[in-house]
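First chain A sits with chain B, and in the next complex the same chain sits with chain C.
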Partner chain A sequence: MLAQCTMDLLFYYRSLGLSLVIEVKDKAIFYADFITAILIRAIGQLLQVADIQSLKSLGASKFSKTSENFPAGDIAALVYLWNPLTIITCLGYSTSPIENLMIVLSLYGACRRLVPLAAFGLVMASHLSLYPVILIIPLVLLIGSGLDTPPRKLFLQPNHGDGYKKTNFSWRRVVLFFLWASVWALYVLVLCSISLKEYSGLGEMFKRTYGFILSVEDLSPNIGVLWYFFAEVFDFFRDFFLIVFHINILFMVLPLAIRLHHRPCFLAFVYIAISSILKSYPSVGDSALYLGLLGLFVNALADMQFSFFLFSGYLGTLLLSPVMHNLWIWRGTGNANFYFATAMAYACFQIILVVESVSSMLNHDRALKKGATPVAKKIQ
Partner chain B sequence: MASTPETEGQKPKHRPIVRIGIFIIAHSFIVSVVCCTAGVLALLLLPVLAKKTYVSENALMPGSAIPMITDQDVSGANNFINELTSLNSKSQSLNIEIPRLIALHMANLGGEVSYHMFQNQPNKFHPLHFFTSTDTEANNVNQTCESYATNTVGIIRAPRGDGKESIVLVTPYNPVNLSPNETLSLGIAYSVFSLLTQVSWLAKDIIWLAADSQHGQYNSVAAWLKDYHTPSFGGFGKLHDDECHISNDIIEMEVSDTLRRAGTMAAALVIKVANTGEAGEQDALNIYAEASNGQMPNLDLINVVSYLAVHGQGLRVQVDKLVSLLDSTWLKFIGEVFETVGKIARSVNPQWKFGISVKEYVEGSATLVSSLYNQALGVPTGSHGAFRDYQVDAITMEISPKLFSNSKGRQTELLFRGGRLVEGVIRSVNNLLEKFHQSFFLYLLTSSNKFVSVGVYMIAFLLLVAPLPVLAASLFSDTIKSYVKSEKNQPFKSWRWLYPTKTVFLVHLWGAIISLLPYFIYQIPDSQPTSRLLIWASLSLFILIVLGSFFRARSAEWALLKSVTVSSAFIGLCLMSVINFATAEIGALLLVPMCLMTKPWRVAGKVQSALNLVLVIIGFPGATFFVVKSVLGFENGSSLVEFWYWVESLWAWNSATYIYICMVHLPCWILCIYILLHPC
Partner chain C sequence: MRNREINNFLILTTLLVITLSLSSSSITHAAVHTNNWAVLVCTSRFWFNYRHMANTLSLYRTVKRLGIPDERIILMLADDMACNARNKYPAQVFNNENHRLNLYGDNVEVDYRGYEVTVENFLRVLTGRHENAVPRSKRLLSDEGSHILLYMTGHGGDEFLKFQDSEELQSHDLADAVKQMKEKRRFKELLIMVDTCQAATLFSQLQSPGVLAIGSSMKGENSYSHHLDSDVGVSVVDRFTFYTLAFFERLNMYDNASLSSLFSSFNPNLLMSTAYYRTDLYQEQVEKVPVTNFFGSVMKTIHTDSAYRGTSGKDSSRVKYDVISGQSDDVDARRMTSSDPEKQGDHPDIKLVKGGGCPHADWWNAIVEKFQGIKNGDMIVNYGLVGMLTLVAVSTWQSS
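Showing the complex of A and B:
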């Protein structure tokens, strides 16, 4: 209830503030943020129900009690909405809220096992920014085997055999998902080709959108690290490093998928975080999304290390980076290295966040294993 | 029992970097004491560590050409000065006559002349001006011809240039009350201008701005720069009434009312002549360089000027220094210590040359303190400050003759010297192919030919603030450990910091609110400075109480609260060190001991509590202001009024220091008091 009130309050406050400033067409971005938040909240509720259920069936009452205490969906939605990064992105009329909406829409669709919706979200998100393509793995896992659960082998332990319902991987749904995805992709491409007929057709569109993303043509400074690297790199190495940097994202996809296959939502969060670190034109809007999604796992990540360190680091770098930009571009007394230093620090903090959240999720699973077996001593 | 070997077994798992971190955190007290002492020591060592300046950009080649200024130029300048002086004694409407005379002479020399008319814009309060640009809206109320001031601008087009770059000469003068030193500075500019119209080597256009400083020297230059950089469509002259224009029918020449432009500015020189005689044997040249928010022009510009002044014209170059520090005994004592250390070091190894004499040290520190103070205030020291807002390197060169006399011979000598100096600087800058970029932008001067670069002074600052994150981490980990021991089953142990963070955030929000209050206080008509100050103080207190009672903070652990406070202070200080180093350094000297020492009085011993109390009292910005004033021996006016005017000047000049005080220093001060009074 409290969360809803706060959300309402924020909604009115922001709509009042923004309706004075922006025109109607820009409001799409602003509504996109709210729909995203509502969807995140729904995902959180689904996740929580599933979590409590599986914990009860495991008999880990300690964990299920804390899981009931904290409404993960509300927390995640509020974190997403109140995040200064979200507000800044919204005020800057960036289109990343719409990309975020599409990503969250596909996740929501997969959580509810609404196959057409999930496929639509995925197709639109990857149409808009290409990187969400890698989300196909968590989506397939979600659709095939359902929401996040503790590792399956825990259920197979002899003393918990009674509570365990065997959930099969439903290939039928996955095939359906792929069918729907290809239908939506075809549909989008046909629409694009119709609207681009007067210009140069689809080939030009791919070159200007995906080509632009993949070949890092625009080297204007952003919060990522690639612009600096590709401004420095020799031209004859450029293609090589382009491949290296893009393979970098793909390298992590498979190992993570194997290790975290039982928690597809968390896997999706990790993928989003990694791609927002390594993508060619990152923005704070991407960070806003994964920070919001982080709130979904608040119960599992209760013992996350370095949380205060990360908070201070994020705050410090995010305040420092506009000042460095000002020093370099407007005052002319600094140089590109000043700004790039903050970009590097930001990337480091993001990496620490991903590493720590993954390791504390794995620790959580280990603790569940101990907590579930009545003989073993509970550790904190 | 089972968990003990397990935790021991886990210990070697830590990565080396984490182990180093744990080691440092475990010895946080020693680290804090050592780092703080080293930081203060490094600050005191800065005059010793200062390096000699050198001209870094090869293209400048100062003094490689023989000065070309001739008797003809100087005698022309003499005539010009005589005409100005006679006009000054005769005429009534000086603020029209003098620009006209200057324009006439400029045109006769062969320059393109235009007038630039502007109105005085009173300084307004823009708390966020640091990040935003100046707003261009002019309030066109109650315009009279009298309220306009007229800058006269003469431009020489470079015979060898493409008109894309220019060098600016500025001579501020007050037409209502023209003093002899201002006429002399106009004369110097005239002689240089007269020479430059004839030379063939010019590659950059020359702009001579005779700035009408009846509304202040800074304002006239700033107004001209703003119009120069704002594209105006449909003619600049349309803004003004026709009556206000200086009619140029009488004089048969072309004076344009539209603003004439040359290229982007490579450098700007403000030429002034001091009206007080100098006591020394030589004529002296004072260099002023500080622009808004502690920004400095490129060091190469200062190097060129001081090189040419010393080696070319035999002037004694000096930089502003705090005179009252020259006689201080403790500074002399420190200087003697460093001198002896230097001597001992030299006797051990003759190659170590870091000792300097006591006199040098004291003078160096006096200059350094003044340099720090001027940068920390964020108020420009002259009209050159206006140029820095447009990324143009500019300095003020103030020539102070040893004895000021109106005798003809002395005047001619000064014209020669000043003219040659300016000519040499222009010739050097003229050689530049790019903007000034080779040398330092971030430096502190310890004398006219010695500087401390950013790489050196940052060490002092970083040593000073390094204990903050260490202390925060040690407090944090101690609290978390105590949680682990006391209540085993409580989850979210590592998220406990969220409650104190809320408190800290609220106090910083309060800081942001009170930094905006003066804007509203100014809406109250007819209030005295003292009453304004009291309204501000009482409103701030009221808002603090309201915020505190609305969002009643759960009485968090003081250690966690201190940890969060210390980290916020660290972030704030680091941020400020990038914006304005001098403010951050002075702020760190005040904040760091206060933040490190503070402890609830029930926990701390009597001595520490007393020390905390003293630190907190000194840490309040108002108290600091008075303490510094009395220590450095400035004269005391009515204290509260003086303080109000000081704060007023900070926000009138859009100084980032004001924002720092309100949004970092004051909140940390409040939090320290809160911790001090914490009931535990």
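Showing the complex of A and C:
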């Protein structure tokens, strides 16, 4: 109850603070942030309910009661709202909050089995930027099989499980999902072609949005790692390296899907994290999203290694990065390597975060397999 | 056998003739006058040729005053007068002893200065054949609708013009360059104005149509300077340019004084030479052409009904437009309507299907026509977005 009060107060303070700063006409982006946080909270609550249910059916209910059970949804929503990165993107009038909203909307729709909503979120998110299209896999898994559960084979062991109902993969819903996705895609494309009628139409639009993302024409420095590389690659090899960099994201999709297919929400988090590290034009708005979604899994990731190291690493890199940018561009006393070093360090920390979170989630699954005996290090 | 050979030969020759006639039939479409360029060249250096630089800078000032912007002026000067050690008025160049006008103000953009003023660079500017690294400001980026003013001053002689005391530009070189320009359609009309000794010989070899040329003196005559400025110590302007400027100082951007009035304003007694002009290559009548066609920059406004189409180039023939010209008497307002009977789609995605008896084709054609008839796209898009959101809400509520 007390926790609930503080959570609501914190929500309120953030909204108050930002509404004083932002003018009326730009409130759309701020509202997008707010709605995203509410949706993340709802997803967290759904995940928690599903978690408790599956642990109960495993017979490890003692497990769930003895461990400190944080209200993951509240934590995640607050982390998302109060993350300095989210606040910065909101103040910078970037459109990342709208993309994040669409991604979280699709996740929420899939968690609640609201197929049209999930399809709408996916289509809008991949219309706004290309990369959320890989979320089609966790969304299909969510709609077909349901929320995150421990691995299937645990349920088949005879000494555990009482009253476990084997749920089949619902293909009907998945087909419905694809149908709705095509409806929304058609609608969006028709609207785009109407509004772009005078500017030579859809082909030009695709060339300038998706084509631009894929061909990395503009090499202005950003917090990613592609610009530095493509500034020095020879034209002869440019296409080859473009393919390498884009396949870098694609080839991680299938192995992760195979390994984490029982936890589609976590899979979505990992996909979002990977795409925001390796996309061609990353920004801190993308990091804000997956850092918020990280909060959804605090219970499982409670003993993630290197958490303090990562936290200070993030803090240090994100503080040094604008300093190095200023040194390079405005004062002229630094050079591109200063800034790119911070970008590389940031990418390294992000990668360590992803790797550690995946391994600690797998460790958590293994710990569940060990049975009802609660793992000692969980209670400390 | 022989008959067959003859038959083959006849067939081949007819084919050859047909292809030749087809290829040689040039599509003459009259280009519309769209922009004006000025190439102003001073070919002398050293202090005692002060007047040539003053000539060029005076023309530069006039041409800018009458509307041609710096981006369409190529100014080639040796530029060693204003900051010359012998200049009593540093950073100032005058063309009159009353020192009323400082020609070297703070907005003179010289494109080729010092030793860059060579015959090679001049011919490269005219023909447009530059190295890759030459910046845009040093290129003559004219097209087939451009009127170009080419003004040259310096020391010249019989069929040549001296460049910076070390090279010569010969009249057939100039004629060749103009011929290349005409082939590459780099101008619609060209006015060459030369202020040197025996100037008329410089354009005696020209043969390209659309070229008008005037020189300050004929073969065997010298062109003289106007007056000596005893304060600066050298002659500050040439007679031909002085009287040209006297003509233009009376004008502003909107006057429509004709070229013939300019040509007839030159009095041989005052010039002490005969200003000779040739109009045999020029199709228009000089009485009807305003001087601002070359010396100024007066744009015709074209009113279009629809928005500007960005990158698809095939739209210009389909746009309805009126040509409204401000002050020229002879250009009437023309109205061109879209005369494309095939009615192709505006963007390549949706094409009309030729109805070949297929019932779906008519239905599809009707939809596409309705689609193209949409004028107010933005309103529809807004309604569409609102509709989409309501549809999302309704479908979500339905499926929950």
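One rule holds in what follows: the second predicted complex is superposed on the first by the 340 of 380 C-alpha atoms of A that agree within 3 Å, B and C clash if a C-alpha of one lies under 4 Å from a C-alpha of the other, contacts with A are read in each partner's own complex, and residues count from 1 in each chain.
Following the convention adopted for this analysis, a residue touches a chain if its C-beta (ideal position, glycine included) is under 8 Å from a C-beta of that chain, and two chains touch if they have at least 3 such contacts.
Source: prediction; values computed, not measured.
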item: Joint occupancy of chain A by chain B and chain C, clash or fit; value: fit
item: Partner chain in contact with A:200 - chain B first, chain C second, else both or neither; value: second
item: Touched partner set for A:320, first chain B, second chain C, both or neither; value: first
item: Partner chain in contact with A:311 - chain B first, chain C second, else both or neither; value: first
item: Touching partner for A:116 - first (chain B), second (chain C), both, neither; value: second
item: Contacts of A:332 with chain B and chain C, given as first, second, both or neither; value: first
item: First, second, both or neither for A:182, with chain B first and chain C second; value: neither
item: Which of chain B and chain C A:359 touches, first, second, both or neither; value: neither
item: Gap in Å between nearest CA atoms once chain C and chain B share a frame through chain A; value: 5
item: Contact residues common to both interfaces of chain A (with chain B and with chain C); value: none
item: Chain A-facing residues of chain C, complex; value: 306-312, 346-350, 371-372, 374, 377-378, 380-381, 384-385, 388, 391-392, 395-396, 398-400
item: Residue numbers on chain B that touch chain A, as the complex places them; value: 2-3, 6, 130-131, 295-296, 391, 435, 441-442, 473, 476, 484, 488-489, 491-495, 497, 501, 563-564, 567, 571, 574-575, 578-579
item: Complex interface listing, chain A residues touching chain C; value: 109, 112-117, 120, 180, 184, 187-188, 190-191, 193-204
item: Partner chain B, residues of chain A touching it in the complex; value: 62, 66, 302-305, 307-309, 311-312, 315-316, 319-320, 322-324, 326-327, 330-334, 338, 377, 379-380
